[in-house]
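Next up: some structures, all given as structure tokens.
Both complexes below contain subunit A, partnered by subunit B and then by subunit C.
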Partner chain A sequence: MFENILNAVAAGLIIGCIYGLMCIGLGLIFGIMKVVNFAQGELLMLGMYVSLYLVAGFTAIGFLGPYAAPFVAALIAGPVLFGGGALLHRFVLRHVSGLSTASRQDEGGFGQLIVTLGISLILQNGGLILFGSTPESVLTPLSASAFILGPFPTGALLFLNKAQVFAAVVAIVVAVVLWLVMERTTLGKALRAAADNPVAATYMGIDVDRAYRIAFGLGAAITAIAGGLMATYLSFTPFVGLDYVIIMYSGVVLGGMGSILGAFWGGLLVGFVQQASTLVLPPQLQNAAIFVVFLLIVGLRPQGLFGRSAERA
Partner chain B sequence: MLEVQDLSVSYGGLRALQGVTLRVAAGQFVTVVGPNGAGKTTLFKTISGVVSPASGTVQWDGASLLKRPSSARAHLGIAHVPEGRQVFRTLTVQENLEMGAYPRAGRSQWARTLDRIHALFPILKERADQLAGTLSGGEQQMLAIGRGLACAPRLLMLDEPSMGLAPAVAETIFDRIAQIHKEDGLAILLVEQRVAEALELSDHGYVLDTGRMVLEGGYQTLLADDRVRRSYLGLGEA
Partner chain C sequence: MTATIGRRSTLALGGAAALAGAATAKAETPNEVEIAMLVPLSGPWAEQGILERLGAEMAVDDVNKAGGIKSLGGAKLKLLVFDAGTSAETAKDAAQRMVAQHPKLVGGMGCWLSTFTLAATEVTERADLPWLTLSYSDAITDRGFKYVFQTSPTANTQAEQIVPFLMKLAQDATHKRPTKVAIVGDNTAASVSFLKPIKSHILKQEKLTAVVDEIYTPPLSNAGPLVQPVRAARPDLVLLLSTSSGDDKMLADTFSEYGMPGSKLPLIGNGGHWAVPELLKNAGANILQDIMIGLANWPGKDLNALSARYIKRTGNPWFGHNEIFAYSHVQILAWALNKAGVANRKKVADEIRSMNVTDGPAVYFPGRHLQFDSKGRRVGAELVIVQWQNGRPVTVFPENMAVSKAIWPT
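Entry: the complex of A and B
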């Protein structure tokens, strides 16, 4: 029993880090653009397929060997989806968000709902046509091997899937780098200023439309990297986004909408709950467990676990 | 330097500005006064490119501003300190000032302008790491002005900087504005409801009423005008 708990807790923390990164992508888009992006799951899916094709199709990456290649490919999926996200914003989303809709009564919310749902459906079905429905995964020898730690008291052994451990490390590094960019660089501060008060940001000389494009691209890139990392230890189809969009929303709301650190901790918590629930619940009820915890926390702390207030008390 | 010619603006069907003409020369202090809803904020927003005019021109250094995106103003040396302060509430005081210095001129002169801003408003140095949303109204106004100065502008546009402030704080703000004008040689375009204080500081004043410029002139001319005395100063006939 102790061994089961130990392994579930460890797996929860490791998978939680990857979920945390995935949630940051969504949290960034919501936090800066105030757009509820229903297509975020498909950005995750695209990250997985970009990674898959990079590893399979390019000897340049294959050259890195079966160990490093999948992780390098996951990182390259970031810039690829940054470009894709920026284009999506330039040609579609900017018409239903940002300054162009700020004066409308619903601030473009209905338009965003329909547009992002539409993008989600197009990407799912487009993916089906392009990639097929056969489950894929980015194979690495690490996927099927584990670090074995212990024995712990009562002789318990801790098994850590190597692919998941490396994916979690990469996820943490990417999250820290993004956090530093947002907190310390002029670009990050300008993005936060554009989120805080777009009109005042314009008065400061910040091109708010461009800031939103960068934010959407970054949000897509971050979730795509998380997708590429997940592809090393699970199998996926073009509909994989549906399974994860709920997790992303729970994480972001739990973290307190729009704070990067919050989104990470929210995602970590969701991953932890999901894995811990396997101790007592059948796997089909994992998402139900997430929802129960979600409702509990949102009921007790509507501002999210890590939401902070910049208003005068 | 700044030339607004025959400017008209409508919101839907409603005329907010009608044939407004105004000039600010380099280093000049110009004030626009007028009752609520006269169109003062609309004038500022049009100069800043946030609102598009129905007709008329806005020129800066002889070139049309209306064709430029609104975010270009700060880079050209025009700082807009908006009505209601509009500080970045979730950013710290220091980060607000850094965002003011976003244009290239602001970045290259950052060390000098930051010293200057801290000399004018020492509280901004004390509160550097505090979130701007938690500052008092007066402190937020000082931050808004400091943030405007941070881009090293040639023209500082101030929309009702004394709004909602206690008289003593408002007086400090006016003193600082006068100081900025005198010592830094900055051109100032000020919108105010505190007509007496504002006109006293300025080289030239305009009176805007329901979208039209009804009067312009120097301090003496405006103070001598019966309409100004009665409507804005609460004084009797001259």
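Entry: the complex of A and C
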């Protein structure tokens, strides 16, 4: 039993770190732009496919070998999706978000809902046409091997899936780098100013439209990196985003809408609950367990774990 | 006032009636006869649907090249393919569109996943459309439907057949009868049906104890919490009742990660998704080595020529479970149309219901006999077992179809 507990807790923390990164992308977009992006799952999916094509399709970085190439590809997926996200904002989302909608009664909320849902459908079905429906995965021997630690008391062994461990480490590094960018750089200050008060930020000489474009690009890039990391240990199709978008929203709401750091901790908590719940509940209730915890936290602390008091984007 | 009908009028009426009759006959002997395929072409089960489509397309071409439906003046078969999507709701919606927009359909097949088939056949049954399915769940033909024909051995039947085979195989290889089994499966309809008899009486009958019984909701995000208890319980064999190749890959990877690959611990999968080319591509031959799979059909040695033609036509590495089912379903519909002599869905259903053949479409099934009972289940349907050996699934049971000996990992 101790071995079961040890492994479930470790799996929860590792998967949680990857979910945390995934949630940061959505948290960033909501925190700065106040856009509820229903296409975030598809950005995750695109990250997976960019990573796949970099490793296998065009063998662009195949020379790095099956151990390093998948993780380098996941990191490259970030800049690729940053460009895609920025373009998406420039030509589509800016019309339903930002200063241009500030005077509207719904502040562009209804438009954002329809537009992001539309983008989600277009990306899903476009992905189906472009990539096909055959499940794919970024092949690495790491997905079927483990770091075995122990024996611990009672002879328990701890199995850490190598692909997931490396993915979690990369996720933490990316999250820390992003946090430093947000806290310590002029760009971060500009983004936070645009989030806090776009009108005041404009008076201070910040190009709010550009800040939002960067925020959307960054949100897409972060989630795409998380997608590329997840592609090292699971199979995916153009519809994979549907399985994770709910998890992303749970993580962001749990962490506190508007808090980037909170989104990471929210994602971590969701991953932990999902994996560790199997110790006390049947595995088929894994996702139900997430929502029980979700309802509990939202009931007790409606602003989420970190809310606005801990950090403002 | 009385009206009289003269000789000319009688002749004219007779002529009109004859013309009308001819027109009716023409309407029922069309140039093309539409049959439907409703399978998942998007989402996690898409590859299964694609393989079914490839099998069906080849069968349609074969029927048409051989002269079409002869009793209908050589009418050609036309295959209409519909996407069942990703859930029972999308499958049912697609079925509704299919029957509403294509009233000339005379029969169909699908939907691969039992959960989808259960939903879609609610629609096809109301439309009196004969529907052939390879789906495993017993519930599909337990509802008293008249137009659904299940060509696979049901999950219940498969469970009854596979466990005794595994026990014998283990005993022959190790001189010891397994006593502990681990069950890891999802909660879709086919898996639930498969497990029902196992839990209710087969385990007791075979003196087996289920030391692990982990049921999950697909898709898997991480198989560690399912596999870890298996390692702790040290069973003699593991039944893996997943339903998508994505979950299959993750389970196979995780068993390997925990030092229990199929070559060390007997891993027994169930269903065609365990023997598709995409799984080999995504998981790799060494991870899959020695995993055994219980299946409702697989081409035997006697269908080597058909297999070779399929491989040449599609470039796929083998002619497997989904493809042969789709191929045989088209052949059954063609046979029934030929017998009926009319493109009428009720007549086609009547012919399928009363068929009892050992040739024609029967040659595509183990046992080479094709007959349906009152529930619409194939009489005497037997299980086939294949095993991954050196990067290919090869038939190891029944003996008359086996191309290789089964390996029991020790």
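Definition applied: the second predicted complex is superposed on the first by the 299 of 313 C-alpha atoms of A that agree within 3 Å, B and C clash if a C-alpha of one lies under 4 Å from a C-alpha of the other, contacts with A are read in each partner's own complex, and residues count from 1 in each chain.
Assume a residue touches a chain if its C-beta (ideal position, glycine included) is under 8 Å from a C-beta of that chain, and two chains touch if they have at least 3 such contacts.
As the structure is a computational prediction, the values presented were derived from the model and not from experiment.
Engineer: A:Ile206 in the overlay: touching subunit B, subunit C, both, or neither? Say first, second, both or neither.
Structural biologist: Only subunit B; A:Ile206 stays clear of subunit C.
Engineer: Per the contact definition in the header, classify A:Thr232: touching subunit B only (first), subunit C only (second), both, or neither.
Structural biologist: neither
Engineer: Under the stated touch criterion, which partner chain does A:Ser120 make contact with: subunit B (first), subunit C (second), both, or neither?
Structural biologist: neither
Engineer: So, does A:Ser143 touch the first partner subunit B, the second partner subunit C, both, or neither?
Structural biologist: second
Engineer: Would you check which partner chain A:Gln40 touches, where first means subunit B only, second means subunit C only, and both and neither mean what they say?
Structural biologist: Neither: A:Gln40 stays clear of subunit B and subunit C.
Engineer: Classify the contacts of A:Gln112 with the two partner chains as first (subunit B alone), second (subunit C alone), both, or neither.
Structural biologist: After superposing on A, A:Gln112 lies clear of both subunit B and subunit C.
Engineer: Of the two partners subunit B and subunit C, indicate the one touching more residues belonging to subunit A.
Structural biologist: Looking at subunit A, the partner in contact with more of its residues is C.
Engineer: Contact-wise, after the overlay, does A:Ser51 reach subunit B, subunit C, both or neither (first, second, both, neither)?
Structural biologist: neither
Engineer: Under the contact definition given at the top, report the residues of subunit A touching subunit B in one complex and subunit C in the other.
Structural biologist: Subunit A residues touching both partners: none found.
Engineer: Per the contact definition, I'd like the list of subunit B residues that touch subunit A in the complex.
Structural biologist: Touch list, subunit B to subunit A: 48, 50, 69-75, 79-80, 82, 86-91, 95, 98-100, 102-103, 131-134, 136, 147, 151.
Engineer: Which subunit C residues qualify as touching subunit A in the complex?
Structural biologist: 41-44, 46-47, 50, 86, 186-187, 214-217, 219-222, 224-226, 228-229, 231-232, 244-246, 249-250, 252-254, 256-258, 278, 282-284, 287
Engineer: Touching residues of subunit A toward subunit B in the complex: what are they?
Structural biologist: Residues in contact with subunit B: 186, 189-190, 192-193, 195-197, 199-208, 309-313.
Engineer: Once bound in the complex, which stretches of subunit A touch subunit C?
Structural biologist: The contact residues of subunit A facing subunit C are 1, 3-4, 7-8, 11, 15, 128, 133-137, 139, 143-146, 159, 161, 164, 233-239, 242-243, 274-275, 278-279, 282-287.
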